[in-house]
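Letters A, B, C and D mark the chains as written, and numbering starts fresh at 1 in each.
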Amino acid sequence: MLCPRVWRAVRALSRDAAPRWRSFTTTTASTPDLSGIYPPIATPFTASEDVDYRRLEENLHKYAQIPFKGLVVQGSNGEYPYLSEDERLEVVKIVRQNLPKDKLLMAGSGCESTRATLQLTEKMASAGADCVLVVTPCFYKGKMDTSALVHHFTQVADRSPVPVVLYSVPANTGLELPLEAVVTLAQHPNIAGLKDSGGDITRIGLIAHKTSALEFQVLAGSAGFLMAAYCVGAVGGVCALANVLGRQVCELHSLCVSGRWDEARALQQRLIEPNTAVTRGLGVPGLKTAMEWFGFHGGSCRSPLRPLTDAQTQQLRSSFSDNGWI
Amino acid sequence: MLCPRVWRAVRALSRDAAPRWRSFTTTTASTPDLSGIYPPIATPFTASEDVDYRRLEENLHKYAQIPFKGLVVQGSNGEYPYLSEDERLEVVKIVRQNLPKDKLLMAGSGCESTRATLQLTEKMASAGADCVLVVTPCFYKGKMDTSALVHHFTQVADRSPVPVVLYSVPANTGLELPLEAVVTLAQHPNIAGLKDSGGDITRIGLIAHKTSALEFQVLAGSAGFLMAAYCVGAVGGVCALANVLGRQVCELHSLCVSGRWDEARALQQRLIEPNTAVTRGLGVPGLKTAMEWFGFHGGSCRSPLRPLTDAQTQQLRSSFSDNGWI
Amino acid sequence: MLCPRVWRAVRALSRDAAPRWRSFTTTTASTPDLSGIYPPIATPFTASEDVDYRRLEENLHKYAQIPFKGLVVQGSNGEYPYLSEDERLEVVKIVRQNLPKDKLLMAGSGCESTRATLQLTEKMASAGADCVLVVTPCFYKGKMDTSALVHHFTQVADRSPVPVVLYSVPANTGLELPLEAVVTLAQHPNIAGLKDSGGDITRIGLIAHKTSALEFQVLAGSAGFLMAAYCVGAVGGVCALANVLGRQVCELHSLCVSGRWDEARALQQRLIEPNTAVTRGLGVPGLKTAMEWFGFHGGSCRSPLRPLTDAQTQQLRSSFSDNGWI
Amino acid sequence: MLCPRVWRAVRALSRDAAPRWRSFTTTTASTPDLSGIYPPIATPFTASEDVDYRRLEENLHKYAQIPFKGLVVQGSNGEYPYLSEDERLEVVKIVRQNLPKDKLLMAGSGCESTRATLQLTEKMASAGADCVLVVTPCFYKGKMDTSALVHHFTQVADRSPVPVVLYSVPANTGLELPLEAVVTLAQHPNIAGLKDSGGDITRIGLIAHKTSALEFQVLAGSAGFLMAAYCVGAVGGVCALANVLGRQVCELHSLCVSGRWDEARALQQRLIEPNTAVTRGLGVPGLKTAMEWFGFHGGSCRSPLRPLTDAQTQQLRSSFSDNGWI
């Protein structure tokens, strides 16, 4: 584990090469308040698998009516690994144009190499992102230890024009950002928080504990453990289910932050099955199908993601109807 | 998944062979109230690795001063796989003799075969157990699907003279009792609850949700996710750490059930590291070493468990001292 | 990793306590020749789940006609975790009485604790075992590191009246005996070899390489990778499939040891699917069902193992018929 | 599982859209002979992490002296996830210019989306690839079932101007191309084979068995299980270690195909430790360090891959010196 002393030394070495966050941190409100709910928005496609920007805008207009804290653009549910760089940037620009001023735009900019991540981070900021969500590189997972990941994220945060949110999503990457890496990186002035999609509630509580003296914020990466995450110290959530049941997820946030735990529990329990269905269970195709049922444009996915089978669609439907949402 | 209808059919078939729980359930309070904290007590050994019954009794006298709901005898922390059947029964008898009347004695009686589990369950009840904790069989883990496990636990619960608590502990067994098995078994009148040591908080919330109409109680299997488990619907905890910091774990219970979540969070966060150290981190040797520091008899383990190295002892100590417990 | 020097030191320390293998090794042929094929025999039960010793004997008479090197009694396929100690010993005695003099009886004697393993090892030797197969303890798998396992097996080998064969079967135990532990233990004069059921052929080749100067023999734990194991240095196999297609597995052995690799390949390829069906695919219930088809007594398993469903039986049959065995 | 009938129907549906492989297969040698050894070449970088094309050429000149069947460009060891598309194509062009005419150029062209894979496949063919190596998409690993993967690879193979080699590398992708997908895809006339880096020798034998009537060739993805793979039916290997010990890996090929198994075994055993060191053990940084020792340009990796520590370098060196290679 890199202790703070080592980290400061690492930082000192890269100081000359990375002056930008310094100017950034001269603003009084260097660290944005991340608390609240974010849907990691889906990317609609046409029948020929092109990005359907018109339908995207229609979704954005509907989301503007829901008390979200902001939107995550190109989290895992946005099919970002299937988009070209041009498409990724264009989607962010469209979202920026359609997002109310008081909402936060968090854009995914993580790539496998540090160099590509740095380049995309700058472009995302130029396209209008308020902060960037940077996933752990994962292809060489056996080599992505604490040292390599601290180095990677430090390089990115040193040079990013906007605050960085760390992103750990082991279901997709096969890799969990180690706790000691999180705790070290939490001290960086340009790292604002962590989106944790792994769901290990003991770990989330410990991260909150070990970063409690810092301006570091933990976001739950799923509505399935959202209430429990608030309970142990998280301040918000990036929840696929918020694309479908946005008001309800925001209501769960309100109940938790106002200490109405009994009401929160009842609501949380009813959200688990639909949440599982649109995440681990049936993935992005499930999420997009459910979006259609609730008045949003979901549509098909890019290949190799396949449409749901009839049996899967029925299973998805049950997860909503069994809990009284349909 | 076995639906309730199937389960009732299965039950009907085995009715004649298993009349005993019926008489049990003629008492008005058929399902015991499990809510509260239980230490899964360690088994002290002499230098020659024999059970040290005297030291066990001394521990019991100290535990009697702590507001536990009861004790778990021969959970994973009791090194039960290393005890002979005679030793297992003798330990239960000793605990029974030394346990205040108002406390619950929950004894582990799970074996690999159904037949052996039935026999040991009866003997545990005769030795004084108020209820039995039955772990999932696991050697043939590839075959232990929902159907096999529902059949196993139904056979045991049908014939057990005392209520059964299901026990899922994947870190030891490599097997999680499937959610659909839990939900089916929750309907059995002689199955009182589940000790879930896996720590998947989404699962715990969903189990609480799907069994909310039944007299079925969920116990967290670790102090690491205890507060989160209460938050989503659990009623108590079987926590290795309660062998060491028993009053503090009981205090966390009180804070949770009385809705003092902010105080609970602060306490919970300070318990995570010592808890990890005495469970996943350093196991039973770590637990026993820490017990010594807090006035209990821990001592050595049976071989092949090895004593802590000096580095491990130091690591254990830090996990307590960093959080202000030493 | 324990280097040889450390191991010799460990041995020196325990010399006084463990004189027995010394007398054993005064015989000229201290290490038995393990090369060849062994069926890990199944345990037949009556309809009421009692051991059916008569049918066991009938199987033994049939096995006596097949050129096996010996029999493994109470490997994983013998449902040993479901047998009482008395039953385990009685089965070994029956096998001893019915086994031709020139065949080797290898009996499973591994228990979770070192003390119980030592006791059962002595009893197995008294009941007629020529050597014992000692599985890795696994309940506290997080603590079963190289140091703990080297200590455990050294204690057992020091005192065992008969040679010890190490047994690594991660599919059941969730634990692989570490390579460095194998290499250290291979130097013990009373440890004759390893049954490796994990199937990592790179590891098997490396173990053969690193023990090539010793009288240490590697047995493949499955017919699925038997030819490949010979190819990289194994000398035999303990193969569930040999309970069903014993002559064919022995033929594969002969082809490999006589260097007829092309014929061996054709036979090996036809054995993979039936082998998978009676091991990972359908387990002991699958093995016992297939035994019936080939003239042996298989019958039912002890609960919680369940009989095959019709669909599973059909799947099992296809795995044999598709490869021309039925 | 898609049966051949379904596959033919799928093919029929897409016939009009995918005429190109038809013309390809009118050539007499429709399926290239893949048998032999390929180093998956590393990509040298300058100190500033730019591709060092001059050093790449120097490596190629040295490789031209070794009896390789061909080269794999942008397999996992080429750090392809860290290269831009322009860099990837430029590297292939350089290799093409420097490769003797009789050697095969296999270029990695797999991307996450089908559409991007198709585009890159065409570009790789234009840049001079004789065939393409297409890795399984993996980000949405929970959705990459047999159906999705058969659809993906069929789309790619239908339109690829050059033959396709399937690529399964679970250590990087967290996903194994299912056996039933391999067997279905093996029937496609434009799919020439599989590079299997998972190392499950039972699976490799079964794939060879089930595709024995087809012109489908299996390549071992590592020198660690190369001999065993030949033994059960593979015809060649794509081996990171061939970047370092190219002649020796080619010698192992020769010994295996000429049936000199005893000599092969002795050589194979000595290659396991160095192979593990430059693959699973120390990854691409280990491979590149070892290349320097043997006269090739390795150099540093792109970030976030980190250089070896001194202890790791020593460990790497031992793996070669312990086996007599240094």
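By our rule, a contact is a pair of C-beta atoms (placed from the backbone, for glycine too) under 8 Å apart; a residue touches a chain by one contact, two chains touch by 3 or more.
For reference, the UniProt names are A, B, C, D = 4-hydroxy-2-oxoglutarate aldolase, mitochondrial.
In this text, all values refer to a predicted model and were calculated from it rather than measured experimentally.
Centroid distances from chain B, each centroid being the mean of CA atoms, peak for D. Distance between chain centres (mean CA atoms), chain A to chain B: 36 Å.
Centres computed as Cα averages put chain A at a distance of 50 Å from chain C. Centre-to-centre, using mean CA coordinates, chain B is 34 Å away from chain C. Residue positions of chain D touching 2 or more other chains: there are none. If you check each pair of chains against the touch rule, the ones that pass are A-B, A-D, B-C, C-D. Those residues of chain B lying in contact with chain A across their complex are 199-202, 205-206, 208-209, 212, 222, 224-225, 227-228, 231-233, 259, 261, 265, 268-270, 272-273, 275-276. Chain C makes touch with chain B in their complex at residues 49, 76, 81-82, 84, 112-116, 137, 139-144, 147-149, 151-152, 155, 171-172, 174, 280, 283-285, 302-306.
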